[in-house]
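Just dropping this structure here.
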């Protein structure tokens, strides 16, 4: 057992930290300005992102998330600490490195399951950040954490598939540069529960696709990274070759997509927590009430200590999960992948809440990043299925183990 | 001891509930439409509010909050259950009844501390809902929960006072109909800590007053009720007669304003919690996952039971506090006024969080009221001083009692 | 609505507080000595209790819990604040007033459901504290919170009933003065679920009754009030006239017994919490660490404030429940009776935990009452069915209400 | 980074697990019997322990905790997973392996700081389990988590030191085989705060030493491992050569003793949590209420999932701390050593609480190990200083880091 980062990770961390200091953090104020510009097209990605991407690419900090040839070839365990660092500036750093969700998951999915034509048409421009993509799974009408509820239909009609359905909270899809949607739907509602679904590529400009509105997250529309769209698909026809993998493989592909995404989300969330703790420390060192800095109040010290203790535990669990995925695969890491989904957002939420409280009114305002980070993190407790579903599943596996031992 | 409402309260509750059903709840969709109208002036109050006000006035549901002559003459204990009911539609009902913060607190303050001229000029139009008002206390640069930190200056210069300072989160002040600001500042920084402050009336259109921007609350600008302004006062001159009470009385007036406001806020918050619990029940009865309604999941039932248990406790404490204020006055109710400020928002936050979770993505969206209610309620944990300050003060009083007994 | 105690309550409170100061608190050290006496019969009630009883009786502080003729004739709402006071010395005061569980519940049960002969034989000596009683419901083999699980059999055989079964945690039954057991068992396992059970009077010295051992509660055997016995009933024959009420009425009687018992338990628990808070304040005012009294540490102040806020809420809910029971009966108070069972022990546990922490090692020792109070209170979360069962039931009723409204 | 155990650890784990299955778990019932034997000397260690020790020694499972020559030569990281396994039977396994507190800490201390004579006289018989030892630091009169409060005096008088003071909660000292006490006291109250204290060896039979009584932990006297004594030292004279190290080194020695002890305590506590989770699973799989096993209740599944998620996080943090101690030393692991002290007992307490609840009355009784394990674990939140002291210290270090960065 060894808790030190390997040489490649250390080298990349150093390079990335320098990039953060030199380019990303200074760009945060620029982003604010560009977002506030009344002349801007609301859903366009602000131009500062492309500038950062050019620097990152030049510095070899590009597609670090992608394990195979097209990417940096890092293991999950090597990439995880880098994802954490990008979490310290989550509205800029992931996009700057072409490592932002949902494109990362989509690129992995295409690299793993798409055929050569599909990869050429969509993966290559994504790896070059020429276009953006979206992953259309969640539906407003049903509890889509239970995949058997999915109502969108994908029906074969000659050389084409016809897609009908309504999706929402499709992250990134308000951005007009988001050119391709990976849509989950049912090709065979009569099949066994986990063979009913398929995934299909639907270009944005296909007739019948309507991007209806941007969904909000606690008042935020997240226009800086393409928002969260409600989209309807009405008799949308795409060539049969747009199906990813074979009919009925949608559920399996979705599962495969989840593992690395969890690591990324959780490590970024830990980066957010570190940023929040840092802000909390700085604020309370400076702010004076009742004759002394807030940092000298016992309750504030309690928050700071708890934050540190919780962050350390959460980070180790995510790193171990990454290591398990690298060594025994997604299946072997199943419990841990669920565990980090349950534990990390709650930990980060707790810390953000205390940081907000330390800032008072500024904490809920647009003048600190805390409230928006809180809102984004809050959604992790229900994205990909609410925590309660994952706990139920984890508990059943634990019980099964004891039931078997008990025999 | 008697836990039943008196006859007047019961009669008013009935009348108000009928008003809610007939006018307010149907108007919620109208409000949404009016807010979404691209032609609207962003910070104006939507016209549906004035329509509701006409009905409320006609039905005798007007200025119920105000204890004295100008108002309905209710005790705090009589008004509290009515405030709870308005909390079920917090963006419409309080305003419809002319019972919305911060006007309620300002009207009470004027009724109690203003002279006849001030009352004629500002209280009368407020009681008639012809204008709106704001209370300018919080400052961005200092921990203003400690009144001795307030940096705004109010300096006598001949027949005038000159005001200089920066305020923010001045609720309602983005609304152009908000014509008068009650500003807290220091007239004598050399006096003893609680005699340094004074309050003064500053009309919105006074030269030197600049309403700079709307502050956000977790992404919301709360434009439906006048937002939360940042305002600078630069060499703002008002007649000496605009001072409320005498120099040095600002702290005492602020304290007096707090008590009833806490009751109102807390009872409305309890109304919000009841609404959230109702929504949670309805949603989980309808939504099916893994073969049965969410309402049959043990964890969901646990949320519902906990919500009911917590609401009942919180409501009783607020009602008792109202009773204490009526019977022994604000001073005698000091501990309880702090206790409800500490207990109620946390209780309501917990319930809203679970309701959001029960709704999944819809819970954080603009399609349910939950996320916005959550954000508004979250600010109560730091408004009028963070909970931590109130706990410290409450604990010291508890300790003092035991120290005296111990002798 | 009126939150003041009525005249009779105030008068009795005063008298009881004087009794506590003059007799009970001074007797606490005597109790410790008597319990430590190596010559004592382990399960006998220490003699100081009988001495206190004599004083209490003389002062008219006797059988206050009993609403009807035999008792003081107080309502639940009048008795509740007195029960709270006895909670401040829970190992002496309830017994001193002949108001200790389980005798209180048993006396109520006999007063309400027993026939004249039964009352003469058992109720009268109980009201005079000449004997003690036990209530034998819980069984080790089954989840007896679900009454349909009860395995003890009560079978008619001629003029007798034959009882067979195993009970445990039968509080008070280790005390040899505990002469009568009220035993719950099934007379008709084939009847509908809530008509299967009956209750029967079994004298301690009946052949076939074996009191096997004292069950522990976190290491305590609670010998000062008769412990908690495991008892087996093997072909125990009692006259048919020992049945309480009619066959099949056991479940209904058990339900009727619960309501007032909950009020008593919860109010005593609140008295315990007040005692713990007082101890916490005294200790932290005296104890110095790192240069100042613990009471000046922010975290300790947070505990104290939270304790006060939580106690106030819990007490009000219990008092309202008592009022509901008095005005609309046990059925109308069903939700509240469950709510106080869920809320109160957790509140008191939290406060005791913090008091223990404030005392350090002394807090877990035999030198303060805190650890033993903690252990006793902990059992309330599972006595009469674990909280989880009550929450489930409460939630279902809440959901039912919304389902009906929703139609 | 590598999360797998090394070969030696794996081999020892396997051997130890076999030993647990073959010898330790079967001995648990024997221990119960021996403890219940009315003929036994109350404070003697039950004979089953010596039998297990013989087996362990034969199997090479002996003194595994000790890093240097006298011991097994394991690193902290290698020993930690073994300590966890012993936690599954905490009343037998640690003692069986001669790895039980407080002897482990005392042996480490002697190995590191004692001179050759002292080691020969006391360390050798301890390593052979011929005698037991105690560590006398905590005092009843003062907050001894603040070492500057220690009141015991160690005064030089010619060739002797004279010890005066009162200690309590001296674990193991009720056992007559506990022959040697390491006593912390002040040699120079006028020195700077951390140079006032010294440690000295005081044989049990020295005149002036009085072992007064066994302190309780929530009703338990822990007689199976020597209890927790209150001891007075009245003009106790020992040779000057009994001082450990030099005068004034007591605080530094105490600090050095803490690190490994924390690892041991925390890993054993995690073993306890695993045992509790296992018991909770087994119980809820078997126990039926309301028509199905408790294990199918959503709330129970939530407990199980949370338990697993929390255990995984806590274990990783303890293991990382062990690794840090091995690689950068106690000082470099300071934050983590505090963090595990704060996090682990609370995690384990939460799980034990849920396991108790799943068992109902049996959970608080002597028929499951849960209540006693809960009580023992509860003391970890205040042993070696209450958590609050450690949080305060940890927070200050965190703040210091940010203050320096902020410059």
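All chains are identified by letter, namely A, B, C and D, in their written order; residue positions are counted from 1 within each chain.
Here is the rule we use: a residue touches a chain if its C-beta (ideal position, glycine included) is under 8 Å from a C-beta of that chain, and two chains touch if they have at least 3 such contacts.
Bear in mind the structure is a predicted one, so any value in this text is a computation, not a measurement.
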item	value
Smallest count of steps, each to a touching chain, taking chain B to chain C	1
Chain C on chain D, rotation in degrees - Cα superposition, rounded to nearest 5	180
Between A-D and B-D, the pair joined by more C-beta contacts	A-D
Geometric centre distance via CA averages, chain B-chain A, whole Å	37
For chain B paired with chain D, centre-to-centre distance based on mean C-alpha positions, whole Å	53
Inter-chain centre distance, chain A versus chain D - centres from mean C-alpha coordinates, in Å	43
Where chain D touches two or more other chains at once, by residue number	297-302, 388, 391
Interfacial residue positions of chain C with respect to chain B in the complex	1-6, 9, 77, 277-278, 281-282, 284-285, 295, 298, 300-302, 304-306, 308-310, 312-314, 316-317, 319-320, 323-324, 327, 335-336, 339, 342-343, 388, 390-392, 394-396, 398-399, 401-403, 406
Contact footprint of chain D on chain B as seen in their complex	297-302
Chain C to chain D touching residues, read off their complex	138, 140, 143, 145-146, 149, 168-169, 215-221, 287-290, 294, 297, 299-300, 356-357, 360-366, 371-372, 374-375, 378-379, 381-383, 386-389, 391
